[in-house]
Amino acid sequence: MRPPIQPHNLVLRIAAKMLIPPILMFALYVQFHGETGPGGGFQAGVIFAAAFILYALVFGIGLARAVATERLLRVLASLGMLLYITVGLASLFSGANFLDYDVLAQERMEGQHLGIFLTELSIGMTVAAVMIMIFFAFAERGVRP
Amino acid sequence: MSVLIGHYNYWIVIFLMMAGLYVVIAQGNLVKKIVGLNIFQASVFILFISMGKIEGGTAPIVKEGMSLYSNPLPHVLILTAIVVGVATTALALALVVRINEAYRSVEEDEIHEQDQSF
Amino acid sequence: MITQHLPVLQVIVPLLTAPLCLLAQNRRFAWGASLAASGTAFLIAALLLAQTLEQGIISYELGGWSTPWGIEYRVDTVNAFVLLIVTAISSAVLVFAQRSVTREILSTRIPVFYAVYMLCLAGLLGIAVTGDVFNLFVFMEISALSSYTLIALSEQRRALTAAYQYLFMGTIGATFILIGIGLLYMMTGTLNMHDLSQRLPAVTATRTVETAFAFLTVGISIKIALVPLHLWLPNAYAYAPSVVSAFIAATATKVAFYVLLRFLFTIFGVSFAFKTMPLNLIFIVLALAAMFAGSIAAIFQDNIKRLLAYSSIAQIGYMILGISFASVTGLTAAILHLFNHALMKGALFLALGCVVYRLGMANMKQMRGLGRRMPWTMAAFALGGLSLIGVPLTVGFISKWYLVAGALERGWWPLAVAVLVASLLSLVYVWRVIEAAYFQAPLPAHNDETGEAPLSMLLPTWALILANFYFGIDTSLTVGVASSAAQQLLGVSE
Amino acid sequence: MLAVIRLRNLFAVVMLFGIYSFLAAALFVTLNAVDVAFTEAAVGAGIATFLMLSTLALTVRREKLRRKRSVIPLLVVTSIGATLVYGTFDMPYFSDPSAPLHGHVARHYIEFSTAEVGVPNLVTAVLTSYRGYDTLGEVTVIFTAGIGVLGLLGYRKRGGKP
């Protein structure tokens, strides 16, 4: 995509610097508060990706790319999915059915909490990585080599 | 009369849904078709969510002193469906970008002509 | 211990392989892992089929939640049979893929190709084993999104528009199915298939259920490319990479057809589907239209892949015809043809894949004189063609035999005649290819380097061809399983 | 929404879609679906609109004039809509608490999830535990789309055309 914003615009840079940390904090809040309030891994992943995209738009794609290399994103997305399946397999090997969280910990409730925590985490990971990946895929198409 | 009051919101949703579907079927611009598809899907989501609503119920988060909640199951289904929808949209848009590079056009008729000519 | 988890492992094994392929970024590893996963899935499917034949329905509760609350996997003879054919074709195609893919897909994209292939396989298997209608929708979208990607990975630019068209039709179909599921849920309060079948009779008299039925039928018909809704199919098959054509042609529409069987017979029940709703007549008309329009369109194709694609549309007509009889024989014929058609189309598309591997494309012009240059490939194609026509000793004959028997059993002899006439039409288009390959002089432009395809491609092709003949001669396995599946669907005890 | 059909400026079309999604999200809040509203706002009005804009930046902004118009699509759409409206007549009334879908499975979730899962947000409980396998499917869909886009747009040949 053609960068619509001048990369050296001072106001934007400072505003972005002020905005991005709260957005990231908010993403983490949404991630870990999905059990009690609205939200969860998917929404957190999207918000996290949004913060990152804002960074990339303001400070330039090159800088953002240095942080999130294609390899890292690919690994993160794959690991997220692998984590979900691993949780399922863990309960399978503990003698219960696939994705049965009851057996993940000593006590049933703890197991459920652990299971939900881990799966939400894996959703967040995959979603954030994939969203950033898609953003870069589109953004870098625009920059003709 | 009660039929009207009991169902009017479904009819509105159906109208929106069909407007979206019309855009998908009738329009020739590939991007516009995607927008239409999204409107169609978003309207289906509204249909699902409105069936989960219960008179006097609250959001399905358990709190002390509450006994009537909206039906959480349609919400769950639609959360999944929204994700599926955005995944489809992303893929469709990526295809449009590639088609535009290959044909220098995003109009269905022009692409069709180019395909016939070679 | 592990045997009780087979239903879920069936899906998880390929699903687990997909991220691994992407992580490794190594072509050989991705291929090896995919082949291993597909082979394992095939073994699991075989074990599952054996289990269902022995002990009846297997139910697996995901997450340990008892049935209507959680998601259930429910395997009976019908879906075990579908699982077997899907994994078998997938394994054969993967053996073939190693060489073929290097020619037709950009080398850096190959690990991605295998990852998406595995997702597509997992999606298809997930559709087939699940006992929950919403879970079915989710896995249908996994398989659909991955098949759009697979088609678009081709180097030809027309593949892009084909994938785009497929994406639109497919998504509209999926959304229709979603609406249908929503309406069913609204009336019954459940998503579990078995539970639905128990709770639906109380509300079948309502217009909402009728609408749900209509939406589900139309949505699935888009996915199986039944005649007025088939427009996405010819281009999608014609311009996809050869391996993808073979895989999708042999499996995707078959799984969608299975979904149709599931909804019509297990969920709605025969009496609602065929007595309350006039589906009988609609299906007969559409099936005839598909058989004739598909075959006639196939005769006039120049691109052989497109020819086979139109032939697929015609073959879907046969299967729908089998359903419309709503009898054990008709349904047996439909399920048999599902299995058999997967075998023939898989074999034919793989044979064409060999041609494309050597010549770059497969139009009528390229086929000239190919019988001498690529004897094994063309022999395979000819034998597969015989099976497609329905010559005795091949699987094509068996399924058409049952189809004709089903028609006669109902006393609908004009339909039996129609099946025979449509078979003659398929003789015409198969003959065109064979004539070009064996009785026409090769083009001078062909240099003499055009030789036989490599062994790793010929072996899977011939394996499928031999399967065509094996199951055409020894029918005890297929016919036995298909008829017991048909009896299960109709709820008739043996 | 009719504007979407008539407008030829694609930029405006996409913006209207963003607004539509946002309104849908607001509607979800009034229908007590907070989780869904949150997601729809982030996805429909956020990601989807953003991606559409990116696509427009990569392609064209204005739609070309179309020569032919046909009534067939209108007929198709009208008949589908009519079928749906026909189906609504036997639907339970809007927000009727005694409708069948609120009993059975949903009732079980509301009554027992605190004891069985122990998470106050029922949507999270159903999403990740009761129907956790669907959510695995959902992650897979996202993953598929991600590598699909990567496969289509990434990995271009050096210097040449993709």
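We call the chains A, B, C and D, going by the order they appear; numbering starts again at 1 in every chain.
The working rule: a contact is a pair of C-beta atoms (placed from the backbone, for glycine too) under 8 Å apart; a residue touches a chain by one contact, two chains touch by 3 or more.
Bear in mind that the values here come from a model prediction, so they are computed numbers and not experimental data.
**Student:** Please state whether B-C or A-D has more C-beta contact pairs across its interface.
**Tutor:** Output for the comparison: A-D.
**Student:** When the centre of a chain is set as the mean of its C-alpha atoms, what distance in Å lies between chain C and chain D?
**Tutor:** The separation of the two C-alpha centroids amounts to 29 Å.
**Student:** Could you please state the distance in Å, as a whole number, between where the Cα atoms of chain A are centred and where those of chain D are centred?
**Tutor:** Roughly 20 Å, centre to centre.
**Student:** Using Cα averages as centroids, what's the distance between chain A and chain B in whole Å?
**Tutor:** 24
**Student:** Enumerate the residues of chain D that touch no fewer than two other chains.
**Tutor:** 34-35, 39, 43, 47, 51, 54-55, 58, 84, 88-89, 91, 99, 101-102, 105-106, 109, 120-121, 123, 125, 127, 129, 131-138, 140-145, 147-150, 152-153
**Student:** Of all the residues in chain A, which ones touch at least 2 other chains?
**Tutor:** Expected reply: 36-38, 42, 74, 77-78, 81, 85, 88, 98-99, 101, 134, 137-138, 141.
**Student:** Two or more other chains in contact with one residue: find those residues in chain B.
**Tutor:** 21, 51, 59, 61, 73-74, 79-80, 83-84, 87-88, 90-91, 93-98
**Student:** How are the chains arranged in terms of who touches whom: line, ring, star, complete or other?
**Tutor:** Its topology is that of a complete graph.
**Student:** Can you name the residues of chain D that touch chain C in the complex?
**Tutor:** The touching residues are 83-84, 86-92, 99-106, 108-109, 129-134, 136-138, 140-141, 143-145, 147-148, 150-152, 155, 157.
**Student:** Under the definition above, what is the set of chain C residues touching chain D in their complex?
**Tutor:** Residues in contact with chain D: 15, 18-19, 22, 62-63, 65, 68-71, 106, 108-109, 112-113, 115-116, 119, 122-123, 126, 134-135, 138-139, 141-142, 145-146, 148-149, 152-153, 179, 183, 185-191, 199, 203, 206-212, 214-215.
**Student:** Under the definition above, what is the set of chain B residues touching chain C in their complex?
**Tutor:** Result: residues 21, 24, 30, 33, 37, 40-41, 44, 47-48, 51, 73-74, 77, 80-81, 84, 87-88, 91-92, 95-96, 98-99, 102-103, 111, 115 of chain B touch chain C.
**Student:** Using the touch definition up top, name the residues of chain A that touch chain B in the complex.
**Tutor:** Per the stated touch rule, the residues are 36-38, 42, 134, 137-138, 141.
**Student:** Could you list, by residue number, the parts of chain B that touch chain D in their complex?
**Tutor:** 2-3, 5-11, 14-23, 25-29, 31-32, 34-36, 38-39, 42, 45-46, 49-63, 68-76, 78-80, 82-91, 93-98, 100-101, 106-107, 109-110
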